[in-house]
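In order of appearance the chains are A, B, C and D, and numbering begins at 1 in each one.
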Amino acid sequence: MRQDYLFVEAAIPFIAALIPKAPKSHRVVLGKAIPTLESELELFRERARVAGVTLEDIVPTLTNHAYVQFLLASAYSRSYAEAFTVLYVAEKAYYESWSVVRAGIDRGSVWFPFVDNWTSEAFQGWVEYLQRELDGLADAVGAAERERMGELFELTAKYELAFWEMAAGGESWPGLA
Amino acid sequence: MRQDYLFVEAAIPFIAALIPKAPKSHRVVLGKAIPTLESELELFRERARVAGVTLEDIVPTLTNHAYVQFLLASAYSRSYAEAFTVLYVAEKAYYESWSVVRAGIDRGSVWFPFVDNWTSEAFQGWVEYLQRELDGLADAVGAAERERMGELFELTAKYELAFWEMAAGGESWPGLA
Amino acid sequence: MRQDYLFVEAAIPFIAALIPKAPKSHRVVLGKAIPTLESELELFRERARVAGVTLEDIVPTLTNHAYVQFLLASAYSRSYAEAFTVLYVAEKAYYESWSVVRAGIDRGSVWFPFVDNWTSEAFQGWVEYLQRELDGLADAVGAAERERMGELFELTAKYELAFWEMAAGGESWPGLA
Amino acid sequence: MRQDYLFVEAAIPFIAALIPKAPKSHRVVLGKAIPTLESELELFRERARVAGVTLEDIVPTLTNHAYVQFLLASAYSRSYAEAFTVLYVAEKAYYESWSVVRAGIDRGSVWFPFVDNWTSEAFQGWVEYLQRELDGLADAVGAAERERMGELFELTAKYELAFWEMAAGGESWPGLA
């Protein structure tokens, strides 16, 4: 959960770095996503207080840090359609993962408000919006760029999988005790 | 006014490009500035409809286009404190300029809502916030970076002055009829 | 000439900023362009010593500064094919302009080595390479991106024209004595 | 060795992305580093042919991909002094690691030219140059930035360690068979 907090926090610079490259029709939506992410961080802090968990001085795991660097580097150095692919896969995976959690979690759990947030109709609508727009972008680009979108789709899924493995199994930096 | 619309529109990618470099304490404020700018664009579109002016297909003047490129290039290639200096001077100039306009404009003018927006207490508070934070950043950096902040202060003021000269005098691209 | 020095100096960060976005087949060529530009700056400094001109503390004109910001902002926020269009037009214009100068300049002029450099077969080959690659990029992208390449083609030409107008007529910053 | 090839290849966009932020005194040196890296890639390809290893279609491991994203994201979103810290640690670690290898490798090994390259006087001089410049940058920045430089020093060392662990032990993406 503490690693999740870092990840949501890191989504803000990622989305911000997409905005200057975005078509004007995406700017309003991406711009609104930033205050939404800030509200989610506030939800984290509030739930952490209830659960007695501190969110200060969290050291990111390799996988978490790496995933965040991947988001940022994609936003800066890849085309908009390629970086948007990364955004879509990350959000889609979040939605799917929490939907699985929803099926198994006690509604009285201190973490239930998370489940509620990332399986909400609003979040589902956001993911569907991203999917429609991704399809439009994929139609508009040339063949070589579309292939790179596919590579990034797969790569983001691999990071996502590594992230959940880390969350499940614990992880330390290789070569450090 | 149409050139102003382009300029406000361009402030959005500028501020977005600052966010990944910003200290966490600035992120919430800068993140909220983006939807605020979107509301200002909506105000432009609404006033333009009232005044019968179109905001489609505006060709930026050299000075306007140049100023926007300067904002973006600063956000990407300069340090945060340097790029923040550019933000401060641009916003401060906006506040001061509209304060002068306020003194001379008829309250019934179709453009009065602009004056009201950029001389409002909210906007004044934003400019004062930027000034306090700029002072803090200037205290925290080394001497060489502080000198570059000074150079960018002056340079932004020169762009701002050129922008108002253009607005007053009309302008076309040099070498074109 | 002093403004030209600033401009050539500014081409280095522009090309550097293109490299992370470039296809691998372009990296070697763009990477070699940077030491070439450094040699050209050395030629400037050598010629300036001969002519008794100082290259210290040159203040860029609005047009020169603006053009440089446009290059940088394009490299950072536009797609590779779009930013490559800007590179091509700037280099092509350089070649064509110096070819015109060549026709009229005395071979004993202190500036003749410039003419010789930018009308050389090597430089002509570079411009032809850029043109072939630009054609390839234009074929590979989607229709919307190709249209933006066209807009940037025209915009770069407008900056280039403004640059030569400035060089011919002198220029100060608008609103400053 | 194939993962190393990918990593050296990725150092090119990293250094290129540093150039627009670099002080002018660093530009010539960083600019020359790019063709040097291209020569190193050529050495890889030549040795690979001798050893009968293919360098086509290498899939980066998580750690390798992550390290590269970390380099790029640092170059884009961190201050120059911070990103330069990352460059220094990566190069220093390369030098130290190959010095250890040198002590144990047979001079007739097909890989000995690598050892020779990265333990050469030229490479040692480069690392020493980086160290001197890093010290100068650390002196020039404010206290908060110096602290961030320290954090990046440690983080880069952690990535470097993970990279050598991966090279030693093999690695696949977590969660994939």
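As a working rule, a residue touches a chain if its C-beta (ideal position, glycine included) is under 8 Å from a C-beta of that chain, and two chains touch if they have at least 3 such contacts.
Predicted, not measured: the structure shown is a model, and the values here were computed from it.
Peer 1: Does A-C or A-B have more contacting C-beta pairs?
Peer 2: Counting C-beta pairs in contact, A-B comes out ahead.
Peer 1: Half is the threshold here, strictly exceeded: which of B-C, C-D or B-D has more than half of its contact pairs identical to A-D by residue number?
Peer 2: Going through B-C, C-D or B-D one by one, only B-C repeats the A-D interface.
Peer 1: Where the CA atoms of subunit A average out and where those of subunit B average out, how many Å apart are those spots?
Peer 2: Using C-alpha averages as centres, the distance is 31 Å.
Peer 1: Between subunit B and subunit C, what is the separation of their C-alpha centroids in Å?
Peer 2: 28
Peer 1: Would you mind pulling out the distance in Å between where the CA atoms of subunit A average out and where those of subunit C do?
Peer 2: Chain centres of subunit A and subunit C, defined by C-alpha means, are spaced 40 Å apart.
Peer 1: Check each residue of subunit D and list the ones that touch at least two other chains.
Peer 2: Residues 13, 17, 20, 72, 76-77 of subunit D touch two or more partner chains.
Peer 1: Within the complex, which stretch of subunit C touches subunit B?
Peer 2: Against subunit B, the touching part of subunit C is residues 13, 17, 62-63, 65-66, 68-70, 72-74, 76-77, 155, 158-159, 161-162, 164-166, 173-176.
Peer 1: Within their complex, state which residues of subunit A touch subunit B.
Peer 2: Touch list, subunit A to subunit B: 9, 12-14, 16-20, 24, 27-28, 31-32, 34-35, 38, 72, 75.
Peer 1: Mind listing the subunit B positions that touch subunit D in their complex?
Peer 2: Against subunit D, subunit B makes touches at 20-21, 76-80, 140-145.
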